[in-house]
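I've put the structures underneath this note.
In the two assemblies presented below, chain A is common to both, partnered first by chain B and then by chain C.
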Partner chain A sequence: MDFTVYLMDTLVFMAIFAILSMSLNVEYGYTGLGNFGKVAFFLCGAYTYAIALLLGVPFYVSFVLSAVTSAILGGLMSLPALRLREDYLAIVTLAIGEVLRIFVKAEEWLTGGVWGITVPSVFANLGLSVDAVAFANVLLSWGVLIAVFLFLRYLTNTPYGRVLLSIREDDTAVQALGKNPILYKAQAFMIGSAIAGIAGALFAQYMRFIDPYMFLPMVTFTVWMMLILGGTANHYGAVVGALIVEIFNRGSRIAKDYLDLPFDPHNIQFILFGVLIILLLLYRPYGLFREKPLKTGVEAEVIKWQSSSSTK
Partner chain B sequence: MAILVVDKITKRFGGFQVLQDVSLKVEEGSITGLVGPNGSGKSTLLSTVFGFYKPDGGDVYFKGDKITALPPHDVYKKGIAFAFQIPRLFFKLTVLDNLLMAARDHVGTTLDGTLFLRKKWKNQELELARRAFEILELLDLSKLVSHKAGELSGGQRKLLEIGKALMASPDMIFLDEPAAGINPVLSRKIYQNLIELKKKGMTFLVVEHKLEVLLEFADYVYMMDSGKILLSGKPKEVINDPLFYNVYVGEAKDVVSG
Partner chain C sequence: MIDIWQVLVNSLVTASIYLLAGIGLTLTIALSRFANFSYAELITLGAYCGLFFLATKDGNIFLAIILAFFVVGLVSVVSYSAVFKPLEERKTSLIHLMVASIALGFVLRYSIGEIWGWSVLFYQTVWTVHTIGSVRITSLWIMMILTAFIVALCLHYFLTRTKMGKAIRAIACNPALASITGINKQKVIFLVWFCGAGLAAVAGVFRAADTRLSPMMGWELILPIFATVILGGIGNFYGLIVAALIIGLVENFGVAMLLKLGLSTEYRMALVFLILIAVLIIRPKGLAR
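Right after this comes the complex of A and B.
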């Protein structure tokens, strides 16, 4: 393949994983929920999109549907899971990720089982060249990425975002201040799941074929790596973390085609990631980007009051 | 009129009876003190009434409504605020954010309000920030308004915890040792503010170890020991009761004058 296709492929993967990383950031970075089943919602979104499209639903409706079903799945899952302590939540979510993948593998009538599903491409009937289709996918995925980024940046800089952060800090204290933490956790979980579902739909639409082996728990861990690398509770961190990991991930696949090495460079990346995470946790435990105080728009006013009261 | 009625509350932790048929009444617009040795069940009583623990028996009424075993966030909505003994702040959030979290009925704290009523919550946020700032000025914390709560000293954290309870503008506040760890001048100032708020009709239930504070500011005092109410009455009566000395003060009779 020529290099521009490789480049555009990398860009699409960057966007899809940046969206996933941001969705985990809402759950973990802001609300403190350790979701180790991220891949389940990614899978749910991808399969919903594929099945809906095959049933003749227009592609834009299918995108919305994949967000909705993932949000519903997240909501259902949060009912029992959110009453658990953090470590148990991690185990339950991890298990649900695997259960869903095995379900998809077994229910051949619905999901094609191990044979997977061929997904019709949105851009297939437009008579575009390979490069143009790849470019259209880049635009689509980065467009969605920007929309998700703006939405989350708004959401986390509101009184609502303040409640989420407070739950991460101390959910008993939040309860003592009249807010039901379970409700907010469930909402954060559903928002994160919906966004992961959209990422899944983008993935299915780009790959044009999905099977259960694309949704191994490794996907979840990759997303975690991105978020920890970039820095939690900072949307720039979530995106940049995803970009860096994808440069390694896709880059090593590309290197395999261009370099004649006695080993597979793609396997080296896992060693590199391990070293990177260790160094990061030692020297920069909060990640590349630091958490910033949230801004609801009253901060400038408050500084004004402060200076006028200190001059009294 | 009694705003809070606690009727024969019992609470066991395993086999350990922490509260045994505890009954008390708090008059509206009063400062009611709760004293007793460490481990006598004062904090457990507050936590049980507020809903952190489910009582094993008994009932709680607030403004005539039964609030027994309601979860804390619903008790809060009824009009009670709780200031913890050990401040429970959101350390990575600013001092201002900590106070704003305590505001009641802020439309921006709900998901639909945040998404669909932008203008409304923005206005409300500004009003609430103004009030939060006034509370911070009252507590001598206004210089630290944009600092993280984790950067505050122990005493300042305590003040902010009380500030959170004030921010809720509740009808009643539970204060668990508000003056502990705060310098005498400031703790007097806190109590003087409580008196001001009391005049406006606010009610306080205060766990307090400092007898001189109780004598000066409390209207009524309950004394607990081993999960039971042992004495109750005007502060002077309770503190001068021989039983009070035996259980609580020991032999150091000069505590009151000191």
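Right after this comes the complex of A and C.
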């Protein structure tokens, strides 16, 4: 493949996975919910986008629709699941992801089953060259990434974000202060799901073809790997983790195609990832980027007040 | 037309796999209190060990099963002392323990993929088919059902009559109190990780002999096994037996029903997952008490 196209392809995938990683960060990093069914919302977003577009809905509406349906799915799922203990929550979300994939695989009339859906490209009838389409995709996905990043950075710095953080630390204390943790957890779940849905829509729009085999539980684990590597409860960590894992993915694929090795680099890559995650959890459980202390603006006031009172 | 007896036999076969693989899982969750996803790969590893020993030991399946039991048990104990024990000592959260178990699963799965390749393999052994009335049953199936039955009986005896078995139940019930009464917790945990994984390996060999081998086979089994374990109630051995039978029946009658209703048999697993979700929501304790 042409080098620039390949580079742009890498960039698009980086952006999509960084968005997924940030969405998991809202759920796990900030609110402490172990969602092992991330791929379900990715799938939901991708298929909603594809089906809506085929029904003649404009693409920007389809993007919004995929976020909305994923959020609704997240909300429905959270109703029963969030009352469970965290290990049960993990198993339930994993199982729901599989149920959804089985549904997509079985209901051919709606989703094309194992034959998948071909999605019309947004940039198809603009008369652009291959390079230009790839570049437009990079702009689109990185634009969405930056928007999501700014939104989440804003969200987690508001009083609302601090409620989420306090739920992660101690939800009984939150309840004692008159907030309903279940409600907040469900909202965090819906926000995370909506963002994952947008990532799914971007994926479908970029790939122009989706089938159930693209949405194996492996996607969920890749996102977890990115988040644990980059660092939980830190937006930079979530993005950087996604970039690093994606670079390794590409590296092993290039090594497989162009180097004559006695072993399969793809296997070795996952073995190394497994070992790396275990070592990280043992020796650096907070990942590459540590969680930052909260910036509330009150501290500055306190310091100002202290210094002014001491000079008096 | 559905042949009830054939479906019942098929259910028993499925149930014996889930029972054998579930024993270790339910006991380790009861003792260590986290869901160990790398169990899936221990099942796979058992199946591939079976393949290896069948090829080297002139196709004697009993010898292959016993050797697979010990190899996988050893791998499990090593993984516990190298990964999970240090993590537990560092007071790692439940979710991080689960992520670590998934990461360990990657290491095992892709190592298997590297050694034996990703294409589907089969055991070379041919099983004689017996026909009783309209029911078709292979000698392998008889062996599977008998093994599950004998293991269940032995385990019943072990858990209720021996000191070690009582120690396991004591730790599962109240770890602090068990330590005070002088039970060596580490020894018990090592034994459970060893024997539990060994039984999972046996289930893997049976599954591979019955169907096929692939590095993903354990992963395809792990969710129904979790469903069985949770339906039976974590750490509850008798609940597990009943749950294995229920899940086996649901899966096999489900397939028959789906065929009759003209729906895709893909939903077979979905049925099991729906039971899992329903149990967790309505009665997270499972069948216990």
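The definition used in the following text is that the second predicted complex is superposed on the first by the 301 of 312 C-alpha atoms of A that agree within 3 Å, B and C clash if a C-alpha of one lies under 4 Å from a C-alpha of the other, contacts with A are read in each partner's own complex, and residues count from 1 in each chain.
Assume a residue touches a chain if its C-beta (ideal position, glycine included) is under 8 Å from a C-beta of that chain, and two chains touch if they have at least 3 such contacts.
Here the structure is a predicted model, which means the values were calculated and not measured.
J.: On the A-aligned overlay, A:162 touches which partner chain: chain B = first, chain C = second, or both, or neither?
T.: first
J.: Quick check on the superposed pair: does A:302 touch chain B, chain C, both, or neither? Answer first, second, both or neither.
T.: first
J.: Touch test for A:294: chain B only (first), chain C only (second), both, or neither?
T.: After superposing on A, A:294 lies in contact with chain B but is clear of chain C.
J.: Quick one: classify A:170 as touching chain B (first), chain C (second), both or neither.
T.: A:170 sits against chain B, while chain C stays out of touch.
J.: Looking at the overlay, does A:56 come into contact with chain B only (first), chain C only (second), both, or neither?
T.: A:56 contacts neither chain B nor chain C.
J.: Is A:179 touching anything from chain B or chain C once the two structures are fitted on A? First, second, both or neither.
T.: first
J.: Tell me the contact category for A:92 with respect to chain B and chain C: first, second, both or neither.
T.: In the superposition, A:92 touches chain C alone.
J.: List the residues on chain A that touch chain C in their complex, please.
T.: Contacts found on chain A: 28, 34, 36, 80-81, 83-88, 90-92, 94-96, 98-99, 102-103, 105-107, 217, 221, 224-225, 228, 263-264, 267-268, 270-271, 273-275, 277-278, 281-282, 285.
J.: Which residues of chain B touch chain A in the complex?
T.: Counting only chain B, the residues touching chain A are 50, 52, 71-73, 76-77, 81-82, 84, 88-94, 96-97, 100-102, 104, 106, 108-111, 113-115, 121-122, 125-126, 129-130, 133, 137, 142-143, 145-146, 148, 164, 168.
J.: Which positions of chain A touch chain B when the two form their complex?
T.: Its residues touching chain B are 155, 158-163, 165-166, 169-170, 172-180, 187, 291, 293-294, 296-299, 301-303, 305-306, 309-310.
J.: Within their complex, state which residues of chain C touch chain A.
T.: 34-35, 83, 86-87, 90, 92, 94-96, 98-100, 102-107, 109-111, 113-114, 219, 223, 226-227, 230, 263-264, 266-267, 269-270, 273-274, 276-277, 280-281, 284
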